[in-house]
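Structures are listed in the sections that come next.
After this come two complexes, each holding subunit A, first together with subunit B and then together with subunit C.
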Partner chain A sequence: MANKSVWSDNRFWQRSATWVTGFASILLIWLTFDTSAQIAMGNDEDLKNGVTKRVPGPTVINYKITYEMDAKRGHEVPVIGGKEKFFGRDDWSEEEARALLHLGKLGSQAKNCMDCHTLLGNGAYYAPDLTKAWLDPAWGPDGAMQALTGKNTKEEAMAEFLQHPDQFPTHARMMPDLGITAEEAKGLVAFLKHMSSIDTNGFPRNFGRMQGAINGK
Partner chain B sequence: MFEPFTDVVPSFFGWLNQGPLTLTIFLHTVIVLPMIWIYFQEKKRLENEN
Partner chain C sequence: MANNHLTSESKQLATWYFTFAAILFGAQLLFGLVAAIQYVMPGFLYGILDFSIARILHINALVVWMVFAMFGSVYWLLPDETGIETVGIKIGKLLFWIFAAAIVVVVLVYLFIQVGPADATTIWFITEGREYIEAPRWADWGIVVVALGFVANLFLTGIKGRQSGIVTVLMADMIAFAGLYLAGMFFTDNITIDQYWWWWVIHLWVEATWEVFVGAIAAYGLITMIGAHRKVVEMWLWIEVAMLFGSGILGLGHHYFWIGTPEYWWEIGALFSALEPLPLVAMFIHVLYDWGKTQGAEMADEHTDEAHVKSVITNKPAFTWFVLNAFGNFLGAGIWGFFHTLPQVNLYTHGTQFTSAHGHLAFFGAYATILVGMMYIAVQGTNGIKVMKHTKASLWGVSLITGGVVGMTVALTIAGYVQVLVSRAQMGATWAAYFDGQSGLWFAQAMDWRLIMGTVTFLGFLFLAKDLLTTGKNPVHER
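== the complex of A and B ==
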C-alpha cells in the first residue's frame, strides 16, 4: 500500500478543527467576562471619588462633561469635570437620575431614534451620530441652537428642539415631529448627556475635529 | 511595528487589539503551531501503521 498523505488524512483535520474550535470557545467565554467587567456602570461614589469608569453612573448628569484630546491614547476622551446644573439642578439623586435615563432610553426606543441616528455604533447615518451629541458645540453657548430655540442652556435647547424639531429648520435634513412630550424630552437629553460621558475609545472618529469640540469649555 | 499599549484598562484583549502584528502573532501561535505539532504526530502514526 502506498504511503498515505497526512493532508488527506481525516484524523489530522479532525484534531485541528477540535483544537481551534475548543480554543476559540474558551477565548470567547473569557472575552465575555472581560467585557462585562469593563462595561459595568459606575455609581455615585465613583463620581464623587474621581474613579474613572468607562461607563459612569447615572448621576454624571450633575457634572460638566468636556471632550479632550488624550495625547497618549491618540484620540479624544470625555472628561468629567465639576458640578453643572442640569435642568436647574445639580443634585439629582442616583434613583432620580437612573429613572430619568431609563425614561430617555425607553423614549429613544419608542421613537426609534436609530432609524436615522447612530447611538454607540448602532443605527443609521441618515441623521447625525448622537453618541457624542451632548458635546456638539452647536448646542453650546457659542453654537446656533440655543439662539434658534430661544433657550439659555444646552439641555433646554435640546429638549425644546426634540419637542418641535420641525419648527427649527437647519441646513441639515429636517427631523420630523415625533410627538415627544416635555418629560420624554428631558429623559432623552439626560440619556444623551450620559451617553456622551461614556469612554468609547474615540468613537465616532474625528468627532473632536469639529470646530471647538476639543477642549471646548 | 508594536504599538504602545494605551487602553484605559489593561486587558489581554486590549493588547490583542493594538495593531495587526499582535493579532497575527497570536493567531499563528495558537492555530498554526499546534497544527504543525498535530501534523507530525499524525505523520508518525501513519508511518507506524504501514
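== the complex of A and C ==
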C-alpha cells in the first residue's frame, strides 16, 4: 500500500465525483434564483413607466413593438414604442390581457405548435420560427398575408390564417386545420405579439434585414 | 419464454422491458419515416397524420423505448452486481404492466385525438404540447409513480445486497433522473420560464444523468463481456461521473442563450458545454483500452501466435454495439454537439437542421447502441449461451442501422448548412427567408437522402429484430 498512487485510488475519485457534482449543482441552483428574478413577467406599471423587462407584462399588446440594433449590446433588441391598436383597442386592461395571453399560451400547447415550428428557436424545423413572427414583414401592411386573407390589420390577418390555414396555401408545405376557434386565434396572436417583445439577446440575428431598408436601398 | 435459463425474476422482468423497448424502437423508426416522407412529399397523410403528430410519435417513442431499455438494463444487472434477487420484484412487475398500458393509451390518444381546445383538459388528457414531454399530465403522474417504484426496487436491493461501485453510481443517478422529471410538470404563461425548466428535464436527462447511466452500463458490459478488472473499470467510472456531471450540469447554459435568459449564460454555457466532449473521449479510450489490455493479457497467457489465440469477448454482437457506443457517443454527442455549442455559432444554427443532425447521431451513438447491446446480453443470458457469435442477421442489422444513421446525419448536416447560410445569414430568418432556404436545391436533395438513409435504417432494424428473436436458438453459439 505504501507506494500506491492516489490517482489509482477509487475512494479519491468517488469523493472527487461527489464534490464536483455537488459544487456544479449548487452553482446551478444559485444561478437559477438569479435568472428566475430576471425572467419574471413584468406588469402594466413597468410598461407605463418605461421600465425594461426581459419578459414584459401581457399589456405589451397595447404597444407598438420593433426590433432594433442596440449599439451598446451589439445586437438587436425589442423596443416597446407608443400605443398601437390590437384588435381595435389599445386599452386592454392587465386582467384582460393576461387572460388573452393565458388562452394563447394554452392554445400553443394544445395544438402542438412546437412540433412543427420553433418557439424561441426550440421545437421542430418543419415550419418557420415564431420567435419574432409578429414582426415579420410578410404580415405587415406591405406583406403578402394581409392581401391573401383579405384583412386590414396584422392581427386580424394572423387570426384569420390560424383559423383556416388550409385555405391560404403559400407553399406546398401547408399548415393543417387544427380546429382553432376565433377566440383561440385571438389568444394565439396575443401570445405571438408578447413573445416578440421578449429580449432574446439578439436571436434571431438580422431579422427581416432583406425586407428592411439598408442604407436607403 | 420456454426453455428459459433465467433463475432470477429480476432478469425475467428485464426481458419484458427489453421486448417492449424493441417494439417501440420499431415504432419510432416508422413514424420517423412518415415525417421524412412529408419533407419530400408535403401532401403525404396531410390532415390525417400531420407532421406534428408523426414527429411527436417519433420522438416520444424514442424517449420511452430508451427509458424502458434503461429500466430493463438495471433489472438485468442488479442480481449480478448485488448477488441477490431484486427486492420488491412483484411490485416491479406490476408497475411494468401499468407503464406499458399507460404508454399504449397515450399513443392512441396522440394518434386519434391529436389536438384539443385551448384549455386545461387538453393539457391533462390529450397533449402538453412541449417537445419530447408531450405526454398529458395524467400520464406524467403515472410515470412518477412507476419511476418511484423502480427507484425503490433499486435502492432496497442496493442497500440489502453487495453494493458495488456500479450500483452506487446507478442509485445516485437514477434518483436524479426520476426527480428531474418533476421540473417538467407545470404550466406557466411565461414561455421563458416554461423553457427554462423544460430544459432541466431534457438537458439534465440527456447530457447528464443518461450519460452517467451509459458509463455505468459500459462498466458492467466490460466486466461481463471481456472480464475487465472491476477495480480499474470502477475507477474509470468515478472519473467519468466527475467529468460528466462537472461539465454537463452547467453545460445546461448552452440552452439559455436565446430564450429570454440573461447574457451571463453565454459564458457559462459556452465554457461548460465545450468541456462536455472530454468525458466522452475518456469513455472512448476507456472501452478500447480495456479491450486491448485484456486481449493482450490473454495472448501473453496463451503463448501462441495471434491467429490461434482466443478472443476474450463472450458476446460478439453485444460488444460490437458497445464499441459503436464509444465511437457514436464521442462523434454524435461530442463532435456534432461541439459544432454548434458556442454562442457565436449557435446564434445562426439554433433551431435549424444542424440540431436535428446532432440529435440523430447523438441519440443513436450515445444511447441506442449500448441499449441494443444490453438486449443482446439479455438474449445470451436467457438462452444460457457461453460465447455468443455474430450471425448474418446481426451483422446486417448493425451495418445497415449504423450506415443509415450516419447517412441521415450527413444529409441533415448539409441541410443545416443551407438553412444557416440562406435562411439565417443571408435572408434574416423571416417566414420568407425560411421558405427560401427550404426550397433550395441542396436542401431538397439532402431531404431526399435523409429519406433514403432512413429507409436503410429501418431495413437494418428488421434484421436486428429478426436476429434478437431467433439468434438464441442458433447452433453457432458456444453453450
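The rule is simple: the second predicted complex is superposed on the first by the 197 of 217 C-alpha atoms of A that agree within 3 Å, B and C clash if a C-alpha of one lies under 4 Å from a C-alpha of the other, contacts with A are read in each partner's own complex, and residues count from 1 in each chain.
Keep in mind that, in the parts below, contacts are C-beta pairs under 8 Å (C-beta built on N, C-alpha and C of every residue); 3 or more make two chains touch, one makes a residue touch a chain.
It should be emphasised that the depicted structure is a prediction, and the values quoted were computed from it without experimental measurement.
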Quiz item: Does subunit B (first) or subunit C (second) touch A:Ala124, or do both, or does neither?
Solution: second
Quiz item: Of the partners subunit B and subunit C, which touch A:Asn49 in the superposed model: first, second, both, neither?
Solution: neither
Quiz item: Touching A:Asp199 in the superposition: subunit B (first), subunit C (second), both, neither?
Solution: both
Practice problem: Scan A:Lys72 for contacts with subunit B and subunit C and give back first, second, both or neither. | Solution: first
Quiz item: Who does A:Arg98 touch here: subunit B (first), subunit C (second), both, or neither?
Solution: second
Practice problem: Kindly classify A:Leu178 by the partners it touches after superposition: subunit B alone (first), subunit C alone (second), both, or neither? | Solution: second
Quiz item: Which of the two partners, first being subunit B and second being subunit C, lies in contact with A:Thr21: first, second, both, or neither?
Solution: second
Quiz item: Which partner reaches more residues of subunit A, subunit B or subunit C?
Solution: C
Practice problem: Figure out whether A:Lys4 sits in contact with subunit B (first) or subunit C (second), or with both, or with neither. | Solution: first
Quiz prompt | First (subunit B), second (subunit C), both or neither touched by A:Leu31 | solution = both
Quiz item: Same subunit A residues contacting subunit B and subunit C, which ones?
Solution: 9, 16, 20, 31, 34-35, 38, 54, 199, 201
Exercise. Would you mind writing out the residues of subunit B in touch with subunit A in their complex?
Key: 6-9, 11-13, 30-31, 34-35, 38-39, 42-43, 45-47, 50
Quiz item: Which residues of subunit A touch subunit C in the complex?
Solution: 8-10, 13-14, 16-17, 20-21, 24-25, 27-28, 31-32, 34-36, 38-41, 54-55, 58, 98, 101-116, 118-129, 131-133, 136-138, 166, 170-174, 176-179, 181, 184, 187-188, 191, 195, 198-211
Exercise. Over in the complex, which subunit A residues touch subunit B? Could you list them?
Key: 1, 3-4, 6, 9, 11-12, 15-16, 19-20, 23, 30-31, 34-35, 38, 52, 54, 72-74, 199, 201
Quiz item: Which positions of subunit C touch subunit A when the two form their complex?
Solution: 35, 38-39, 42-43, 46-47, 50-53, 55-56, 114-120, 122-123, 126-131, 134, 165, 168, 187-196, 231, 234-235, 238-239, 241-242, 245-246, 249-250, 252, 255-266, 268, 347-348, 350-353, 355-356, 419, 424-435, 438-439
